[in-house]
């Protein structure tokens, strides 16, 4: 029953907004469309191919036009939502993890966002600390082929050492609809699943595996080639109704060389840069409510 | 009449190996398949969508498996062919130009190859020069959005200043067949055409525009999304015969958002790194026949 | 008579603020100390080791503490001064040149500042242009060992091609006093001299060589090892008075291995990042008076 | 009694080659000078300012001239020595750690060497594994200001997770004699001490702290400014004999701004690149005796 491959829970619900065991709520704030999918039952989770939990989506097509007001509005909303999800501050740090591969542009969102995230853990107790500053540390674990160490091994070992309050993972996602690339942010409390993301994680990063809350923030930067082929076929054949035939076709394509291909916009470098700024902006707002934007900027240079 | 979009002349000839005004020759050397397309008449040029001239292709599927022997064999053949195409040495330098955008992995082949090309122009006359060393300079002009200067403006101005013997351009290409990504090298004496490459050059880099021989070396790193959709449709609809319907469909898709999408393998970082090493190896062999591989390696660190 | 080696005209005048043929004026604005040295005669130029012209210095020790207000004040003053020096806008672009070597941290200021300079030349006439936007292009020519092309060759050839209104060069400088590293900006209308900068330019970039106004903006990031040794000796020997003995000693040291050594702070990465932001900020203010800071930021992502 | 600041044990012994509780042995192999300092007693350790253990130095001035034969000879000797120090292979991996800061050129040796180290842990058991391949993983932990995590915390947590056979640390060092920069390699079995290295590590990485053998490989890339000043003073004052006066002077200088300054050659980018290739070459030889150089090169692209 799982339709086409996407990391966005909201795209699973597009066809049918009422699904047994799952709720979807949609609203708008200014130019931003929000939607929240809550998957309540194991059966719904199985049918939708996503674990139980909450998936919030913020979408604003103006982001693709590098509209400064749109980015600011998105960063503010993102900051508000994240501050709701990360438990109030005590001394334990928040560990921000930038997943993905710096060497493959559409997979570089996580590391690029880490570069713009304010890290403070080493300042606390020093002259550089400011009152109300929350402890934040950050890592881009790199890719298996470069380190020989799985991302999950690295995050697990740091979690055991640093005892963070929460782990906040940033990742590049795959969407079904190319129109969502670079203008949609998904926040979920379900962590990172095997097979998700552009680089396709092998093992989960979840509360079960790490022992602390895991919040995932992602932006679609690719669609899969098999999805593209399927949708082109549906469009051109005018046979949108034969969902099962299309899905079986897509699965067949995934078994070919197509399964290894990703589809991405030509200007993916600007998209990743823009979205990394947006996400880091939201994270910095959420984790350092006592600092304003120019104080944060000055501390990062 | 132009079928699907590709930068490889050889792929234009696949369907029909005898084309009025154009010849194709195919042969093998070890594990490498070679083909040479020579477009002789203006009419053939128009029909094939490529200017008159010679297009040599070297192909070896083992390259995708990072086979060291395959890469060495390809680099040697490439070196031989390039040394045939670049006129014998006098004091004038060869200007090697790495086209493309370092920030978009599948478009980074040119700049990455420049990093591994031995540059000697500044050493000639110094203690570091070796006898027989040929004058080589190199530039990666970057992208318009970063410099505000078109690649062609930069290459033209340097050509007028440095009076090179030849300009050798390296670029990422688009193929029709995803199986050719990362394992095919095309060398042509026709320069770079508008609309070609991953980044889609706006103006030509040719003997006409620059006043010196322009040799282009490229490797396909992407296919266009519209091509993929077309081929998936042909495959699935079993209607391979209706070429005209497919072509008109592809054109229609190019007018949609699809026209801005590229399709590339997930491991494009390793492919670009491997092919940059291969191409720079071939160029270094061709331009510095008096130096062996370990001398070249030592001079580059 | 030339004392110790420095690229700051103001440091030449420190010992003797009245020098025949040269004037110095000092004042303050908020936390910023300004000084202007004007060298009027050829004899003064010879004695001071700097060509005739104007050298403005802005200095603020708070910059080293990453004080956001200090950086903003410096960027504003820099913007005002630069807008006085760059002739009013017509259609001709301003060519901003980031001198130096990205691979050597204290020499990377120019390229780093280029990355944060708003480039607009390619947008003019497009939908992205805004009214009042001035044409700016930018290049980091890299280093001779990488390209085989001298910086001055590249700038000359681009100047002949693009006919800029002015060339604005950014470079890392050597100071005499380590306390000035990272907190002093020098602006001059005399261009770049041979032997100046961290990488020691071989040939001039001046109005004489290029045919257009050349404005140089620099920040000291190093002192020379021979200068350090001389100053340590003066300090420790208590023989500050024997200037001639010290100068001859310094010259002797420059002939040894010391001549190839530079002295720089451990946190030079943060200093270069901070000063690149400051200088690009000043340039963007001066060249785009019709855009505000957040519009500029949004256009750069 | 500790003389001038250096990370090379061999430089401590220069003045006096027989020291109670410490032995030094010197020999040559081809163009390479070797020396081994063994510190046997706690008293010698205290007097020399280095922990008990063995310090092997390989030195070849031809390295600075980028002599390919010199680099090969050094890499071979380094490979032999390292294979003696790393216990014979079982299934446990060797964890290679590249200490230092990519953003500060003379401190970038560790991360640069990691980029050229063959990582295999993820291949074992896959089709890419070759018989006799030893398990290697590698990490460049970055710097505290970027991650908020101390290097030692990251290495400790990975050591507890991965249970490596040994930890092999690569670091940039400070020398006393600028002539040793870029042409000397020190290997020791004593790990990394607080206050050593260019970036000055805060906490030890030793067998005591990690529970496994820790081998340190380093190359001097800087000298300290206070050392330079001291040596210049000694040279110029002709008072080489008053060692105590000089040492007290150096200590005084370290308390000034000088304590934060490092001295490095202008061409430090080429030195770091060359030495990273050399060290990674030695490590790859030592850890993968069953693979030849071209197999290793092919696996790394």
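Letters are used for the chains, namely A, B, C and D, taken in the order the chains are written, and counting of residues starts over at 1 for each.
In the analysis below, a contact is a pair of C-beta atoms (placed from the backbone, for glycine too) under 8 Å apart; a residue touches a chain by one contact, two chains touch by 3 or more.
These numbers come from a predicted model, not from an experiment.
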Would you mind naming the chains that touch chain A and likewise touch chain D? B, C
Pair sharing more residue contacts (C-beta pairs) when B-D is set against C-D: C-D
Just give me the whole-number Å value for how far the CA centre of chain B lies from that of chain D. 42
Taking each chain's centre as the mean of its CA atoms, how far is chain C from chain D in angstrom? 36
Residues of chain C touching at least two other chains: 145, 270
Given the complex with chain D, which residues does chain B contribute to the contact? 66-68, 71-72, 270, 273-274, 277, 294-295, 297-299, 301
Residues of chain A touching chain B in their complex? 101, 103-105, 145, 178-179, 198-200, 225, 228-230, 232-233, 236-237, 249, 253, 257-258, 260-270
Residue ranges of chain A touching chain D (in the complex, touch as defined): 93, 119-122, 135-139, 142, 144-150, 153-154, 156-158, 160-162
